[in-house]
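The following pair of complexes shares a single chain, subunit A, combined with subunit B in the former and subunit C in the latter.
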Partner chain A sequence: MADQKHRILMVSDFFFPNFGGVESHIYYLSQCLLKLGHKVVVMTHAYGNRSGVRYMTGGLKVYYVPWRPFLMQNTLPTVYGTLPIVRTILVREKISLVHGHQAFSTLCHEALMHARTMGYKVVFTDHSLYGFADIGSIHMNKVLQFTLADVSQAICVSHTSKENTVLRSGLPPEKVFMIPNAVDTAMFKPAPERLGNDEIIIVVISRLVYRKGADLLVEVIPEICHLYPNVRFIVGGDGPKRVRLEEMREKHSLQDRVEMLGSVPHAHVRSVLISGHIFLNSSLTEAFCIAILEAASCGLLTVSTRVGGVPEVLPEDMIVLAEPDPSDMVRATGKAISLLPNIDPQQMHNRMKKLYNWHDVAKRTEIVYDRALKCPDQNLLERLSRYLSCGSWAGKIFCFVMIIDFLLWRLLQLWQPTEEIEEVPEFTLPHHQDEEIISNFNKDQSLG
Partner chain B sequence: MVNRRYGYLHECKWPLEAIDMHHVVVRKSNAKGFFVYLSALIVVANAASYLLLVKDKSITILLWGFLLSVLLVKVMFWNRVMKESVVVMPTFGVQLETHYASGRIIHRFIPIGKILKPVLLECVSPVTCYWSLSLLLHGEAELTLVLKELRPPVKMLIPIWKALCDASDIKEVSDSWKDAN
Partner chain C sequence: MDNIISESLLRPKWRKVAYGGMQPGFDDNHTDESFLEDMVMNASVVKRDLLKVMQDSVSISQYLCIVTLVSLVWARTLQSTLDENSLLLLDASLFGSVTVTLVMLHLFLHDYSGSTIKAPVALKNPSLTSCVSLNASVVASVFIASRLPSRLHVFAIMLFSLQVFLFAPFVTYCIKKFSFRLHLLFSFGLMAVTLALVYTLHHLLFMLLLGLLVFISVVCPCWLIRIQEYKFEINGPWDEAKLCFNVTD
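On to the complex of A and B.
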């Protein structure tokens, strides 16, 4: 366990108030690192009117930098445009290490590039799986190769994700750590009273998009309803494929057996989950899948497609896996229905508390930070040699980009010397009602 | 208290030191003056060279060049802020003044009863972060900036903030800010 306390800058385009896996990962990890005594600052882009500095629970400081998103919540990539603000934040917060999240975040890539130019150690966490064949993936992988060519350490959320990242970026596997996500078991608790087994309720909560297997659901739901007359579905979530599900309901007259809830705010997800016995996940690709952790924490038996990192997430007795094929999914659901009488939701929840814990994730991440800070400092020439190996043409372009970044940084140091950037004083937070919520969360996480 | 760009001056007027005056003065920047005059010279030189090269054009081009240069110098210097002052008159109010190079002074008076709280805020722009001192006023949704044009360092804002807190009878002053001063 390290005694050295770090000052970490988390950078990503994806943070609250936007909601998702990456956002909640950054938040929970930051809270646990704050509890361990480290200083954490988050940098993201402005969301609507939410621009400037905000403080969240536990004194988590968030910089909402007023760069407008241009595509799917990503900041407009200007390559060098974010250099001044990144430098200012790094100096004023006395940051020791920069941690970027998500390969699809342009702000993350730019911030990591500038941080490396300025000599900071950087850590990168990849949260998703990407392909190799289509034009978008090819370009994304090249950008990733550029960013990861000079990263100190990398983290992936599953072994499958690690393999995918290593293949896409060419990073040496010994530089990549595997630290899974976790779940807030204090929030996701089973229902106080166990549901009866007369009617079996299957819950689906996901974005209704192609990638999440919404088309599979259109095939699977009518078949299950036909084979098992006592089964009902609750479908939460929205997206372009919702129309197909509505059509399926109409076609097979399943209005009384398939309930469509629409978009479910995250605060209400638990109340939807505890109304069911089985959680159905039909994703076509997943690096990790926090949704099935949340379902298992609420005591639901999970039926999921065997894709990506999903098989690594839950023990075999908590999940029934199927190929992403309608008939195999129907078979798996039938098997899950037969296993239901043996399931004890409270016991499942207790096991999840021991298996997945954000404090454990924070401690493991701390080890990665210590390893990253021990990496030797390198000057520009040594770093450029790493970029040259990225490709015959790409390598030279990357070197050129880094040289220009270095020159711009030097110019910026002349224009605004580091001594002129004022460091932010340390604040002691007043005792607040949030402290009770934090201590309850921590108590629950550490039990077991 | 001085840095490269700003200087801070505190004075108390009247025998009883009842009126508290805080001034933030802009220090002369040779670099800025150099660039402005250089830009003006470039504009005139361009106009002159265009006139010489295209001989059948009238001298109007050169005159327009001169006019543009004069306007450039006027805009950059005439509207330049020389000093911003905060005059704290306890039990009466706060006067905020902005002094321009042209001699123009803009006054804003805020009665003491209207001040809810003076606050030091971190502001984030697309390229930088800076501290600003603002007033929360009763009945107004927007913050009122104490120093409207200038962005001095926070060590110059702290004594002004403390004086405003004392004047509006705000007791909460955190230890970290006391230490920072």
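On to the complex of A and C.
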């Protein structure tokens, strides 16, 4: 069973040329699965004039479905609008399993729903955390419950994320796997020469928004500059809170000690990281935080707030954790500065190589796929009973939505029989060099 | 037996960490007793006291009475200045329903715990809903004023409405701060006066207002206390951290 090759469709609203944790997760996972001999196709919505079918490194085929995003890179939720194109792609590519990513991607929810209607096995990966208190979260949690009611297996990126997903969706914990993100250690190498220790440089790279704790930075930076005269800050990233940081810099006359870079393209992140000793992460919520991995891979000691999945990400001696409160963060930064002489960036990098690896992530995901395909097939009535148990009102609405979807699918089958949809011809790319595939992400980006 | 013990000793313990790849001997869906151990349930749930809730609800009844009084003044003015025929001629139903909707919107979104008008040094800005509420009340007054025959009428009714809608919450807020007993006394006096005035105008409206006041001050508090039992709050490490200082943009 283990050597069975799958044909996987990855679905998410978030993919290259957009940039972030979900996007790189899908890209690296697909690349590694391709190398394991599976067939992978990605489906996302059109970005600008990037519409239609494109090929990326390693023969990764991407369908940019011509649906325009309307809010925060999300497509307009139409519930049934994507059924025809999802069906065509599934049949054309002879897909055996659909893998959706990210809870607030509408495309992902719709595709998973249609795939289940058509009897495919589906896997879902959750990349984010949600509370239970506000209206937005309550709505999101209901949508997630709907999608996950019938999902074959689910994956979360950290144990905290798994607990959160289980609570939100009511899935049995045995159906939820914890498979973390990883980091491309070949791309994030430490500086060839060790930096001197007379001046200590603290690097911050994050979007400057409330959720990333930009307000904490405003309190912490002047305090640290006051306490440690040999510390300098480099702040990369842009966002609505940038004005506040610049105000703080002016107010405390720290222009020569706090450098603001503005937004840093992902390809330049490494060059910013290796100019510093300490990486400071001030997020208020975080399911996993790939930025910490990138920093650690570059040999930086990390200081981070103890939120969400962050405490699980690195061994205790590679990270200094602090409560999300300015005084404790100053204390943690002081501790990190005192630890610095014992930190060898190269050694740190070598440890990271052992701790995180995308190939390992792909192998673990493969196991989840095998499990998903072993799940018994269910007919519509069996599946409807699951939806019905989602709530007194919601359950009935969910059932109604699924019945309509089923009828539409049958209608489509009459209108365009499956046999009439052309299947894509198979072809294999000449074999690639190992490192080349992975480190080509940036080349892809610049080709954009 | 010995075998099992030595095996469990050899077998590394499962740790709740994300690094280091798959933990030997455990699947990725492994769940042990540490699952959800950091979850806190109903941590910040306040035990509510029926009497306290009823006392607090008086503020709402009081403001409802103030708005009713203003509406009475509007109705009287319209009655005295326009004869029955012209009232009917103006597509009264639409006009009336828009005004009533606006007043209801005003009541629904009104900030009953404070006042939208504040001293200039106030720390917190008024919320969006309280501003919308205030605007709805002003628009409703303009609607009424648009039906009046002379400039003097318009000026008088606009000034009166604005004064009440802007300053009544402020005055009641100050009274409440000064003395809670006075606040209760004032509120009950206001309710009595309003009920009496409405009684002279229309008996059905009187019953409606009385019913509404009983509903707000007696039924709703009891209801709240009863459904309080079903309150279920979940907190845990996945919650967004709250900043312990004020952010002033």
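Going forward, the second predicted complex is superposed on the first by the 428 of 448 C-alpha atoms of A that agree within 3 Å, B and C clash if a C-alpha of one lies under 4 Å from a C-alpha of the other, contacts with A are read in each partner's own complex, and residues count from 1 in each chain.
Definition applied: contacts are C-beta pairs under 8 Å (C-beta built on N, C-alpha and C of every residue); 3 or more make two chains touch, one makes a residue touch a chain.
None of the values given here were measured: they were computed from a predicted structure.
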| item | value |
| --- | --- |
| Room on subunit A for both subunit B and subunit C (clash or fit) | fit |
| Touched partner set for A:Leu284, first subunit B, second subunit C, both or neither | second |
| Partner chain(s) touched by A:Glu219 [first = subunit B, second = subunit C, both, neither] | second |
| Following superposition on chain A: angle at subunit A, subunit B versus subunit C, Cα, nearest 10° | 100 |
| Partner chain in contact with A:Asn164 - subunit B first, subunit C second, else both or neither | second |
| Contacts of A:Glu426 with subunit B and subunit C, given as first, second, both or neither | first |
| Between subunit B and subunit C, more extensive residue contact with subunit A | C |
| Which of subunit B and subunit C A:Arg211 touches, first, second, both or neither | second |
| Partner chain in contact with A:Tyr120 - subunit B first, subunit C second, else both or neither | neither |
| Touching partner for A:Ile179 - first (subunit B), second (subunit C), both, neither | second |
| Touched partner set for A:Pro84, first subunit B, second subunit C, both or neither | first |
| Closest Cα approach, subunit C to subunit B, once both complexes are overlaid on chain A (Å) | 30 |
| For the subunit A and subunit B complex, residues of the former touching the latter | 51-53, 63-67, 81, 84-85, 88-89, 92, 416, 420, 422, 424-428 |
| Contacting residues of subunit C [partner subunit A, same complex] | 16-22, 27-29, 31, 35-36, 38-39, 233-245, 247, 249 |
| Touching residues (chain side subunit A, partner subunit C) in the complex | 129-133, 157-161, 163-164, 166-167, 173-180, 210-211, 213, 215-216, 219, 244, 284-285, 287-288, 305, 307-309, 312-315, 324-326, 354-357, 360, 364, 367-368 |
| Residues of subunit B defined as touching subunit A within the complex | 3-4, 121-129, 131, 153-155, 174-177, 179-180 |
